[in-house]
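Each in structure tokens, the structures are laid out below.
Next, two complexes with chain A in common: one pairs it with chain B, the other with chain C.
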Partner chain A sequence: MKHIFILLRRSFQLVILIPLLAGCWSSRDIEKLDLLIGVGVDTAQEENITSSYYGADSLLTVTYQMAKIKSNQGQNTKKQEDKPYTNVEQTGASLIETAREIIQLRKNTVNGQHQRLIIISREVAENRSIREILDFFIREPEARMSMLVMITDGLAKDILDYMETDDIPSMHIYDITENFDKSNKLLERKSLAKINALMEAQASFILQNVVQTDGELKLSGAAVIKGSTLKLIGFLTEEELKGINWITAQTNGAIVKVEEEGSDKPIIYEQELLKSKITPTIEDDKLSFQVKVKSEGLIIEVATNTESFSEEKTRRKLEEQIAEEIKKEIQTTLERIQKDLQVDVIGFHDYVRIKYPEFWKEHQSDWDTIFSQAPIDYEVQITITDFGLGIQN
Partner chain B sequence: MHIVESIKNFLPEANIYVYTIITLLVPLALSKITGYLQGDKEKPVNKQQDKEVPAILSNDLSANIDEINKNFGTNKDIITRKFTFGKEQTRAAIIFAKGLVDTAIINSNILEPLLVNLPDHVNPPTIQIKNLLPISEISEENRIDVINTSILRGQTVLFLQDIDYAFVLKTSNAKGRNLEEPVSELQVRGPRIGFNENLIDNVTLLRKAGVNTELRFISLQLGKRFNKELVITYVEGIANPEIIENVKQKIESIDIDNIPESGYVEELIEENNFSLFPQVQSTERPDRVVAALTEGRIAIILDGTPFALIVPATINMFLQSPEDYYERWIAGSLVRFLRYVAAFIAVFTPALYISFVSFHQGLIPTKLALSIISSREGVPFPILIEALLMEVSIEILREAGLRLPKPIGQTIGIVGGLVIGDAAVQAGIVSPVTVIVVALTAISSFSLPQYNLSISLRVLRFIAMFFAATLGLYGVIVFFIFFSIHLVRLKSFGVPYLSPAVPYQTNDWKDFLIRLPISAMKKRPKIFKPTDTIRKG
Partner chain C sequence: MNPQQENLISPAQAIIIIINYILGVGILTLPRALADEVGTPDIWITILISSIFPLAVGFIILMLNNRYPKKTFYQYSYKIVGRILSIIICLSMVIYFITLTSFEVRILAEVTETYLLEDTPIQILIILFLWLTLYLNVDGLNSIARMFQIIFPLTVFIFILLALMSLGLFELKNLRPVLGGGIGPVLKGIKTTSLSYIGIEILIILSAFLTDPKKGKKVVFVGVLMPTIFYLVTIVIVIGALSLDGVGNLTWPTITLIHSFEFPGIFFERYDSLFLTIWILQIFATISITLYAASLGLSQLFNKEIKTFMYILLPVAFFISMLPQNLQQAFSLGDMLGNAAILLFGIIPIMLLVLSFLRRKHS
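Our next item is the complex of A and B:
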């Protein structure tokens, strides 16, 4: 009897060891991988269409950008002009089809775990629901939800083929977005995870626009996606983006230029701290919003004599001037999104949903219309904390 | 017929039966093998031997001498010196082992008093012999086997006519090494003295640690053929009597012909022979031994080796250095914590490297991934082979450097380092990142203060690497769990090996991962159940 128990025990130990015998089934050496860094989606160009079994309209040209590895061995012998990336373009009706095509082209397996970026061209985003494009990346287990989604008003493959950087363009763009804290002309990072949530909520949102101007890659303005159709309906300029950033208070980096009274010399205010508060109110079934923006900062550059700054009165006046300037920026933006585009891209709906859940449930479906009619009051409060060292008493 | 056919279809094919039988046989064989390997441990140790009646001396002097000489045969180094002394010309003889005795003592303290300066009134001198010879230790003995061993220990045995016992006189001259700084445990601050091969010297070193009337030395004899002395030492009033008894029993049950080094004792008294972890601490440093004794541990010192053993051992002992306590506590804590980190690195770095690089490429930061790829470009081996190649060559290098004479050892280190570090990378056989990982591992394992733990961790590292290569990070975690289970189960003389982590003793954590100031450590470690728990205050 005892022997049987021992036997059972040993067998059990063996069972535990069985997984080890299977061995290495998902092991793949890192040098046998092509790291996918970015993906660009364009509509198919005519020269790429070989067989149009889906009709030419429905075909996509997808650019896969992969890191090209320069061997460490024997440095200095190869030409330095080698691009650090390889772009593979494939045309097909769906993303997975184009992705599978790569297998026939590359000796290494494509690994999507390092993908940073999806760039969708304007043409694609205007004609297709953006979900169609992103769905593959949401479902694919290898893809990370932290990748950023961007729109370009040109061709995505041109952006990815940008030659000037010694870095991979996708990485380059990804790294630029890290600066959004320092400039209010940039949009906060929109990862796939965030966009997925917004798409689920059928909310409208904006995506960073990336352009190529004068041979430089630039993050400039934003693309507006309407929640109900998930299609691109327009672009916001850099200036309009500023207004959005004042309301959402996501970024601290902003400068405001005002002109000194009596002369047209500029005085520039640099913001150090930004807070905002959005309060929805319903009176008589009418929705309105109050936005309070508080900003603290310092005078960073002046072109005139600075003597009078230390006086309380001058300071007050300057603060008001700056506030006015900011209000103007906010107003421009609100007009654009409320009157022109008629979509809530700032996220006012969240405040309504939290404060008036009943109202929200009732009007959820036509939210963009309600938003575009809702009056928005805004208040800007500026505090100048510092004038730098340029003060003489 | 139909039924038979369907049953036949239902039964699996013949090869399935073969597989089944093999699968059954493997565990059976395993159990047989392990049973066989552990077999002699489980046998009862209390073998009742019928002890023969020991031979004793007779009244006849020449018969006694013959008897002793018969035992030693034709050995040239056993000297028998016969003489007569006193008025009555009493016949006598001394027997001693040349080389083991101090001839000057024999000449001046035995022969001179008897042959030259013997007072006339002493006659017959047998009764007063103890008063005649200026020798510090004199005992009477009539058992021949004891006399034999005494001679071999460097004592001189004096036989007199007409009495049936002999005098055992202490004349031993143990030539030992000088007390030097221990080579295997160097430190910047602290006493520069280590044990040597002489038991008496070693015991003296412990005595010199401070006047303590409670320091106990229990002497035991070990080895059936090459008999040696072994001393168990502890502090009465601190050490738990149960543990003392346990240690004593285990040592007494050792039944072996020869014990060349305390490593033998270590292996024969440890609880789990199959564990990779040292369950007995060995040290050359008296200060370490004294510190352990005051914690309530027990030390074992064997004649002929500078390595004293300390039991019960817990894992934290192997990561501590006496220097932690000699330097200020914050610095000491940092260094000690660093050692724990180093131990982790020494075991897991190559395994983690392998699993990240060949399984979880997504977990490496992109830029690092790119540089790893570019460094591995052109390397012909898979990552496991590459890492093994490097690890094995560095182990060989270490072993080679160890065995060679000092100056050559250093040269080998440099040459090997160059070959492995630079040439192999240049030749494209290994990638630079692997070299970094392996070097980091090697350095980490050198930073452990106790050599025996660092050997154990080397073995573990290879196991971890295989786990990583087969199952990736999952395998590393499985390995970690296996190894934790083993550590939790392991005990050294009834004391859990992982204490004070498991079982958790809050108070003992003051001196575990970090070292708190001495003023905070008021109590002795609880886990040894010391009889006196208060250390200070």
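Our next item is the complex of A and C:
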């Protein structure tokens, strides 16, 4: 009797261990995954509309870009049109619907854990709040909040299907953004995590614009999203982006060209250090800003035969000339965003929120209006520390 | 049989037990809960202020325990309030501990299902974790303590690593202005935060097991200080990176933060799994100790072997953990537990302490 009892107990113990065998319940083989790298969102292209179930104007054409995982590396004949990626286009009223459509086309499961990029076309962003488009990516646990959000002037599907390099376009674009440190014509990386915060705060912001020029992809200028509607209201050019980068002082990649008096030949200043300080002031209930930009750098290219730069007077003059040039760039940008677009895309609101919390609470809802009327003073201070390796005779 | 005799733990082990118990669900949800409640970036001040309460509770329980050395609350409470009342209080505590086990294991399974094992049924996850808990429990408090000694350094290491990695997203402006809305909003968050300090109540049994009962005060102090540091760091990096507005709509802001940075060039890309590993270990620690506390309560009340009750309580814990229909209900179960903790371990010990003073005087 006792033996039977022990036997029963043993077998019971074994039975309850069975679920443990399902340890890899959710495992998926990597060959059976489609790694999603980028997503492009366009308004529905006419040829794609198959059903008139939804109003056609609210339909989206979504391009899913997936990396091709080469299963047999040994294949030697590399065909000309062998792209390292596959694009799948689907049309539907919401992103998840289009994502589900893919299941009917592809034998593999789509895995979104490596998605780097989402590109929204101008047409979509002008007509819809971009919150609607991005919501899915915020909710979906598979999607990473580090993905970058960009706008394109043209069609997102074209951007995702350019042929010049044997790179994956989404990865290519993602990698270009790393150059922000070397160029002030680019925009600081805007990941979904940061954009989510801006959208929740109803703040206006700018997104990198991607364009296609002569078969090349280029990050050029920025799209302006208005906080109250979260819709696209305009674009900033590369030159206008420079002004923003002077004020935010996040990049060290600026060069400034000034012309020598008389000869019109260029002298070029390369910035090495940039600091800026924004101070809001409220006097008699009137808000104004003081912006101080300080930069240090060197003269990197000279096409003139100026007498010695080492002379204090020449250097001072040059510094002033450069400062004037930068002021001009800042002025152009400020005029554009204050007068034309009337939105605070630089983040002046943060300084007001920190220094005048009461004022901010009161005026938070119509901040863009207040900002566009606030006078902004700016001064630029340049120090030339170096003349490169070439010594002027 | 008295399980205390062979199961003494050192003060250092007691500290680690308290830390592992306190750190739990809060570390994932506290930034959002507090951001909603407080509405200014000063929520880190809230954490500092709130840490006074667990300290107070800890010291009160300690004072009460010191009047009855080498005995757990379950064993001495009848001397203060009499048999019947004592049974009611102790049973409520047992119910509290077992519900807490269920709540934590449910959240554990929910997060695991969302981020790691999408297709695995939640029941399987819960059952597996509960079995592991049982396995750790059957050898008593000492082996639990030794397990925690392994878990804790790992947690600290990975936590610091991830905190440093997310510094790239950190922006000081998100934490400013300090006290821009005055002290008022800061105080609003105190209750929410106090719930994250659930865990200090384990002292009602723990101090009886101490090899060196005189070090009780140190145990309470360090045991509360360390989780406070963990919470502070978490809040500061999460709010600093995602901003106050940015965490409001996120279910698990801390995991989202880890989803938000990338280090190009490193083969390993998904740091959230690293974080989830230590978090799962922390929850596992919590449910181990709560299951033990509940079983010990029943065993000392009915004077029976503790293992029996562990086996009995396991399906009970599973059953309760399946009660919430969705995540929202699970969160409200958590809030209920918080309120119950305030009553059971905040208010009742003070009353008992006063009563026991009065009794002593009479006799």
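Here, the second predicted complex is superposed on the first by the 363 of 393 C-alpha atoms of A that agree within 3 Å, B and C clash if a C-alpha of one lies under 4 Å from a C-alpha of the other, contacts with A are read in each partner's own complex, and residues count from 1 in each chain.
Rule of thumb we're sticking to: a contact is a pair of C-beta atoms (placed from the backbone, for glycine too) under 8 Å apart; a residue touches a chain by one contact, two chains touch by 3 or more.
Keep in mind the model is a prediction, meaning the values are calculated, not measured.
With both structures placed on the common chain, the touch criterion links A:P266 to neither chain B nor chain C. Using the contact criterion defined above for the overlaid structures, shared-chain residue A:A67 touches chain B, although it does not reach chain C. When both complexes are overlaid on chain A, the residue A:P141 reaches chain C alone and has no touch with chain B.
Look at A:Q113: by the touch rule set out above, it reaches both chain B and chain C.
Applying the stated contact rule after C-alpha superposition, one finds that A:A201 touches chain C and leaves chain B untouched. Residue contacts after overlaying the shared chain place A:S11 against chain B, while chain C stays out of touching range. Looking at the shared chain after the overlay, A:P375 reaches neither chain B nor chain C.
Of the two partner chains placed by superposition, only chain C is touched by A:P357; chain B is not. Contact with chain B, but none with chain C, is seen for A:I30 once the two complexes are overlaid on the shared chain. The intersection of chain A residues touching chain B with those touching chain C, taken from the two complexes, comprises 19-20, 22, 26, 113-114, 144. Against chain B, in their complex, chain A makes its touches with residues 6-7, 9-11, 13-14, 19-20, 22-24, 26-31, 33, 35, 37, 67, 69-73, 111, 113-114, 116, 142, 144, 171. On chain B, the positions that touch chain A within their shared complex are 23-24, 26-28, 30-31, 35, 357-359, 361-362, 364, 366, 369-370, 372-379, 382-383, 426, 428, 432, 467, 469-472, 475. Residue ranges on chain A touching chain C, taken from their complex, read 16, 19-20, 22, 25-26, 113-114, 138, 141, 144-146, 178, 191-194, 196-198, 200-201, 350, 353-355, 357, 361. The part of chain C that touches chain A in the complex is made up of residues 114-120, 124, 127-128, 131, 169, 173, 176-177, 180-181, 241-243, 245-246, 248-250, 256-257, 259-262, 264, 269-270.
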